[in-house]
Amino acid sequence: MDVAVFWVLAVLGIVSGAMVFRFDSMARATFSLLASLLCVGGLVVLLGLDYLGIVIVLMMTIEMAIMAVFMVMYMMNPAGLMPMTMMHNKKGAAVVCGLVFALLAAGIVLAPWPGRRGRAPADPTMDLGMSLMGPQMLTMMTLGMALFATIVATVVLATRRGRYDRLGDDLRATRADDPVRGGVGR
Amino acid sequence: MSLELFLLPAAALFCIGLFGALTQQSIVMLMMGLELMLGGVILAAAAVWHYIAPATSEGQVLVVVAVTAMALEMAIGFAVVTALFRSREIDMTDMAAELKE
Amino acid sequence: MAERAPLWAVFVLPAVLVVVAVAVAGLDAVLAAGARTGRIGSLRAAAVHAVRPGREVLRHLVQQPRRTRASDLPLARIGAALLPVAAVLAAVVLPLGFRSVSDLPEGIVWFNAMEALAWAAVWLAGWGPNSALSLIGGYRFLAQGLAYELPHMLAITTAALGAESLRVGEVVDAQAGLWFAVWMPAAFGIYLLSAMAMAFWGPFDQPVGVDVAGGAAAELSGVDRVLFLGGRWLLLVVAAAFSVPLFLGGGHGPLLPGWAWTVLKTAAVLAVLVWARRRVPTLRMERYVELAWVVLTPLAVVQALFVAVVVLNR
Amino acid sequence: MGLVDGLPMADRADDRDGLRLDRLHVPLGPVLTDWPSGLVLRLTLQGDIVQEAAVEAVGIGEAVGIGEVVENVEAVDQATTPPASRSPFWDEPFLLAAKGVRVSQGDAARRLCAAHLDSLGRFFAVVGWGDLAARARFARDRALAGTSAAELTALVSPVIRRAERSRTLRGLTAGVGVLSGEHARHHGVTGPALVADGDAHARMLVWLEAVGRGAATVDVSEALDATEEAVGPRGRIADGATPASQGLLDVLPCLLDGAEFACARIIVASLDPDLDEIGHVTMARTHHG
């Protein structure tokens, strides 16, 4: 059973991953990428990491749905109605990637992988939580700071209007001058 | 099933993603390539956790880090595209490179 | 801990969900018909209105499907079919009484992930037909998702925090004494709002709103339409039913058996939602998102903090 | 700009947020649910934001008059009907009174009340409050059927109460389509939109108030004073002058500029121009001239 699931997910994941760069339509490319990443999530569940696998499914679905919007916003011809290619240096890249894959595959097959040490805990999720809140606290805090920095950076990069645009030069305007009014009534 | 069996699709995903990241002109498509590469990394990390060191949690933490990296890369990428688009109407890597000149 | 249900439950589950969804749709149709005069009218008239959703389904099934120009039919099909599939998959962790089809150890995250599939589904259904109005509907659901998801996740996390487990069965067990709705009222309220929002129904029906002539569903016809709009009702039923194990004590209650309490509580929640829908206009997301992020999210964080402190001192 | 499958591709233009996104030209109307029938808006959309709006086929008469291509079969049918039979329904009592026919004040109030209830039904439907829309329409039908003042008041007062008290509705429609009195006067708006001197919510309140007042007086049998200037549901009605709805159509483009699609629908519903008025006046002019 597990073996069958593995093959289905692995093949589907690779095929839809490859289709990402074959489709003309941005919507199809995005959702093909989503399919590929959902397969990765499924494989992670198969490896016994239920929580992380489901979280990958959750995050990737939301991420790709939002990505689709950006695709449509910023791509010319997002629907792929006129076939076009937007690639450069195709041959060189194919050679590089073929070489990398050959190297990786050789390494994977030839490397003397160590045997399995220890047994998986009964509840890997608990284990993960305990380690993130314990020995790996530094990782967790770094991730948190990185996420926070990203929020600030993305807002700064993406918006054109600062507080002086919204609230006037002396920041005294009672109601912000926004193109769209919010719901809290400020 | 074995470790090798899981690592091979991971390597394949990584290379497909690399191909996309190297060839695509559009910045958004380039990010899709990066996503696929990170997907390969996640799969490899989970496989290594399962087959080599299930007792420790480092493998899991690595997956968490990779997932976060995906989200960050996406957010920053879109913000950069928006900023570029706003200032120069550019969404192609080639055109962005020309800006330097 | 919840027991494992027998295998046949896998096949019964979708059927039960469909029956409940049809019943709720019928109730909603009766109320909608009564809205004109402010009275529901005779029992007979009510019965006629109650079977209207069923008749609609049959009509769409025999109807000749339409196609729009330059459409991406496969994507629209996938979108329409994904919605009911997501709803049924999410329902796998729903306990009836104390038994669910599969009480996954990460049931709450599972539910959330499956419900997120609706994001992709609605957008695809809106994009596929290549029509401006339906695409607007698709966009609107993403905006809606961004607005409701943040407080929603915090709310269900709060319930998991209270039970110290992501397993739905254990969340139910933790409410043997006091229901979570009683000491996590903010989280419960936010959950009810997001239950309507994730099914883009009632005050959150902007993605399929009247003003865009049906939005994401505007160009769907035939089986696709039945799947999409039916999936929406299924999603509503599942989302409402999930509030019972999360906040209303699941099958716990005096006298009656567990399954009866689950059914009663689910029916009550659905009735409240159907009633509430008639009282408010559609919430537009450019207004709601500020409320969600500026008021509801901090509220949910404070609620989670409160629960965390209580759990630590228990 | 190429054609794909017979459809034009999008081109780009400046937008509200300075992103120069693709824009899409979408004609809205003339037949759409809860839409002033006959109105055609040529929208230029970027995403769901209205970047530009043009009122194109204004009424049937004018569209034919200036040689517009009328794609809509129904419109052609209406345009070929004789002008006399197409006097604007909602203005009828006022027009008759102006011509010297005796019209009771009650009948005029009844028609005015029903006209506002009709507009309110459309408005509530567009803001997504189907319940209240159904009630307003039921009251409209009863009013036109000639119900008594007491019954009509009993029918409309719950609608008025719920709409006035709803904080959600206020929160949702406040600040949408703000039309200052000055601006309105400048464009020749004379009706409730001028009185409201504000956003969509204010215009709704004016309608509600007029409905409440009108419902109480539908039984008055005294004759309408013909010497006084007639004010119909959309504004002043003067023979030969520009119809009140024309002013409403003139303010539409600048109100719609930069609005989101849902807001645009609400703005149109809250102004609710009556295209029959315009068709009638144009017809009358071509007839005389």
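Every chain is named by a letter (A, B, C and D) in the order it is written, and numbering of its residues begins at 1.
Here, a contact is a pair of C-beta atoms (placed from the backbone, for glycine too) under 8 Å apart; a residue touches a chain by one contact, two chains touch by 3 or more.
Please read these numbers as outputs of a predicted model, since none were measured by experiment.
*Asks:* Report the inter-chain centroid distance for subunit A and subunit B in whole angstrom, where each centroid is the mean of the CA atoms.
*Replies:* 7
*Asks:* Taking each chain's centre as its mean C-alpha position, how far apart are subunit B and subunit C in Å?
*Replies:* Chain centroid spacing, subunit B to subunit C, equals 33 Å.
*Asks:* Once you find the CA centre of subunit B and the CA centre of subunit D, what distance in Å lies between them?
*Replies:* Computed from C-alpha means, the inter-chain centre distance equals 53 Å.
*Asks:* Please tell me the distance, in whole Å, between the geometric centres of subunit A and subunit C computed from their C-alpha atoms.
*Replies:* It comes to 26 Å between the two C-alpha centres.
*Asks:* Which subunit A residues reach two or more other chains?
*Replies:* Subunit A, residues with two or more chain partners: 55, 81, 160, 180-181, 183.
*Asks:* Where in subunit C do residues touch two or more of the other chains?
*Replies:* Counting only residues that touch two or more other chains, subunit C contributes 70, 130, 139, 286-287.
*Asks:* Among the residues of subunit D, pick out those that touch two or more other chains and give their numbers.
*Replies:* 4-5, 7, 17-19, 47, 171, 260, in rising order.
*Asks:* Please categorise the chain-chain contact pattern as a line, ring, star, complete graph or other.
*Replies:* Here the contact pattern is something else, fitting no line, ring, star or complete shape.
*Asks:* Let me know each pair of chains that touch one another.
*Replies:* Once each pair is checked, the touching ones are A-B, A-C, A-D, B-D, C-D.
*Asks:* Can you tell me which positions in subunit C touch subunit A when the two form their complex?
*Replies:* 70, 72, 75, 78, 104-106, 109-110, 112-113, 116-117, 119-120, 123-124, 127, 130, 139, 142, 145-146, 149, 166, 286-291, 294-295
*Asks:* Please name which positions on subunit A make contact with subunit D in the complex.
*Replies:* Touch list, subunit A to subunit D: 73, 77, 81-82, 160, 179-181, 183, 185.
*Asks:* State the interface residues of subunit B toward subunit A in the complex, per the touch definition above.
*Replies:* Those in contact with subunit A are residues 1, 3-9, 11-20, 22-26, 28-29, 31-33, 35-36, 39, 42-43, 46-47, 49-57, 60-61, 63-65, 67-68, 70-72, 74-76, 78-83, 85-86, 91-92, 94.
*Asks:* Applying the document's contact rule, which stretches of subunit D touch subunit C when the two form their complex?
*Replies:* Touching subunit C from subunit D are residues 4-7, 24, 26, 32-34, 45, 47-48, 124-132, 134-135, 137-138, 158, 166, 168-169, 171-172, 260-263, 265-266.
*Asks:* Would you mind writing out the residues of subunit A in touch with subunit C in their complex?
*Replies:* Residues 25, 27-28, 31, 34, 50-51, 54-55, 57-58, 61-62, 64-66, 68-69, 72, 79, 81, 123, 125, 180-184.
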